[in-house]
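Here the chain labels run A, B, C and D in written order, and each chain numbers its own residues starting at 1.
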């Protein structure tokens, strides 16, 4: 008996649920959970089912292919650990949260390496027996630096996600394209407020009563990628921007880990620069 | 073209989704939204679909009956305004929130009457051209008082819900049975904390840092019915219990109105003293 | 015995608390509550005390003046109902929330009138025996329209606050200057995200997972005034922008009423385009 | 120049603020922050000031003693790292959160040791170069087991706090008395709901829509000690109790670390089984 995650995305049309559930029924599969959503604005259909039963992955995929129209995206996934690379700079909280969860067995992931532009976190990461690769940006222009990082990363096979756990440098379009749809970032504001540098200082200057954090996929427009998860906390006039930064760390790490978990469990669809999350 | 809400509840079995979606497909119905849930502990299946198309309600119900096992609960509902009675005592906030929403056209409801054991809210309710019935409990024992209320309510036909908008008297089993599964209450704590009288005073005495409100269906055990919605707010040492009460009102009214809206839109299933909400 | 709110704002200097508490002590006043804050960035001191005792307001103010430096702002306020004008357009929720609270005696306010550019809410407001003044903007340019509104408002004496309860037109600098520091607005986003028109549509298009509302004082820069209160709610991919708008109303009304209450209770200081709230 | 935290607690009386601020003024001290609260029900006054200036701790304490009545509790504290012992059982999340914060320099604390009744977390804790002491409860009655733990702990001097980071055994009154007012626990529910064992199972069975966590000082009544911090998250019918447990961990660790931080920064007063937190 095997368990599969079935992800279907297509232009909406009458009968998709009928066709899919017919396939499941004919294969004698148990539906453990089932979520559907139609984005009416874009006429787009999304479905995630978890099924179990005595069927082969390829066979199930084939059966779905046979009944669904050719423009349908069909993924049948057998749950397994995904391979991730973490990128960080100097801060420990978001990185540490992922490392501890990994250690506790909470994540369906192999952490292949941590890459940083500083060596500051090396001794910390080493505790967890995970390779730490320092790629200093000193004396390098942005592209040279990134080329070195890309080279480091590409030594590893089958990378599923690159997690930016407070990696504090802007990525070039080349980097983003190289790892398209695979880069998950945490931005330390409730986007789209306070795009860019030092959002806590911006929030302090604006006098907001709420600060937040946003995890999103990275595309070429800075802080403009599809949002996966957001969370906020209340602040008041007594918070300096340093206080906001300190307090904000708790939200940042929880939101990034939550987004990563959603990705590892194949719960996220991306369409029209938005996410559908089941 | 008609739009229907289809609610299905049954013991879980392979093929229900397949059978239901086959019926929808054969009737050429569009699925506007679709939610399913299996309560594995109780082996219970729940489904709510909104469909539209050119089919008759009775016919659709019949088709579903034909394919589903006889122990299945099937409801096909054409959206329409439901009839509600509101019961209150002396406080205006929860009642007022419902009356303003009703006035603004936010609720799929006809408010038939407001029943209270005091006349305090009469002039307020009269502004909204809704009958106000005072049934004083003075010189009556609990059952006599309730009998008079029941009599008042039963003058109205087809009552869908009785909404207790801070009705501050305990209901007898007889009352609850008379309007079984129809009574929605707001309790001014995050149940099951602070069951019973004056929960804000209890919360203050315990020194909690969070207070809340809970909307639930009423059954015979005081404050033990199936929970529909809950919400909380933060408090601190500077709150007296009167402050908590004042602040709590905002949560109470929002939670009660939210629960009422879910009921009016046929989004709630009740099973094993819990709710499944789509 | 009288109760006073004492508000002090000054450039920070050693000894202010000492001097103020000496005055309170010498007048044999009881301190019921006391809050202080130093904005270190701007070297600015804020203090709000509630005192009671057998002293005259003018006398207390004089004593404070005698010991504090001449650049200090000192306000001694005897709590009383403040006069407010509400401006609205077509939506009932925020206006209704204030009217019901007023009716319930929750607000330290006299509502002098509701002014709108449409007559849509007239019958609703009339229920509450509050004057409703329609000032249509049809066939008028922005300034002509506002001049008529200003004229209406200025017929009333001693206006403390003008509350924009979803008044959907942009105010000119002239209007804002006429009622400087007195205008409280509710904006239907967590500012500074989604400044300008239709923030729910903007939020939907961006695919955010959280929406919010912001109450702020109005100054000449649209949606840029000092923020008083903010609140948010979670949304997901299944929310259309109309759903966001519907759900957002609950936050809007609670936040606006909360901000209004803070203003009525003299709890807000404004400095450097931010608020200090005690 | 030194910085001190001044904590004052006394029966409320006119003039305390005056007297304290006079002392600060006479010592030429700068008040960096100042918080006061009067618990009217218990007629109890609380004050926390942070001052800096050129004064000796003992001298300042003496000056305050001279002017305040003899029943006043006065503490003048020079900020320094406090000594803590962590107790855990098998779960890594709350413990790990503290260890990572400690590593990142976020906590004013020396972690002297981690004590557990299992060796499961030993290799994890060892990464952080912190002593791990396994005191198995096997073949020991509760008191024998605790005696061994007490002995272990008392080998360390000057213990300020004992942090129960999901230590899953009930403590005896003897243990609690030995470390009176020093034990901080995290309970995995929003107390007082779901006191006792397996609160997530209890929450699941009750069908709540919100779960939470509570950090509190431990006294002799199980889960009845003064509450320091609470936080909640929303759940729905689709959460099994295992899902609640998983999701709840994020709240547990954040709340415990927040409470610990408040304690380390001397921000908590305890009176009448409640906390006053500045």
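As a convention for this text, contacts are C-beta pairs under 8 Å (C-beta built on N, C-alpha and C of every residue); 3 or more make two chains touch, one makes a residue touch a chain.
Just so it is clear, the model here is predicted, and its values are computed rather than measured.
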Contact-pair count is greater, between A-C and A-B, for A-C
Rounded to the nearest Å, the gap separating the Cα centres of chain A and chain B is 38
Between chain A and chain C, the Cα-mean centres are separated in Å by 40
Chain D residues touching 2+ other chains are 33, 37, 238
Among line, ring, star, complete and other, the chain touch graph is complete
So, in the complex, the side of chain A touching chain D is made of residues 33, 91-93, 96-97, 100-101, 103-104, 106, 124, 127-128, 238, 246, 250, 254, 257-258
Seen from chain C, its contact residues with chain D in the complex are 14-15, 17-18, 21-22, 24-25, 28-38, 234
As the complex stands, chain B meets chain D at residues 37, 39-41, 190-194, 206-210, 212, 226-232, 236-238, 240, 273-277
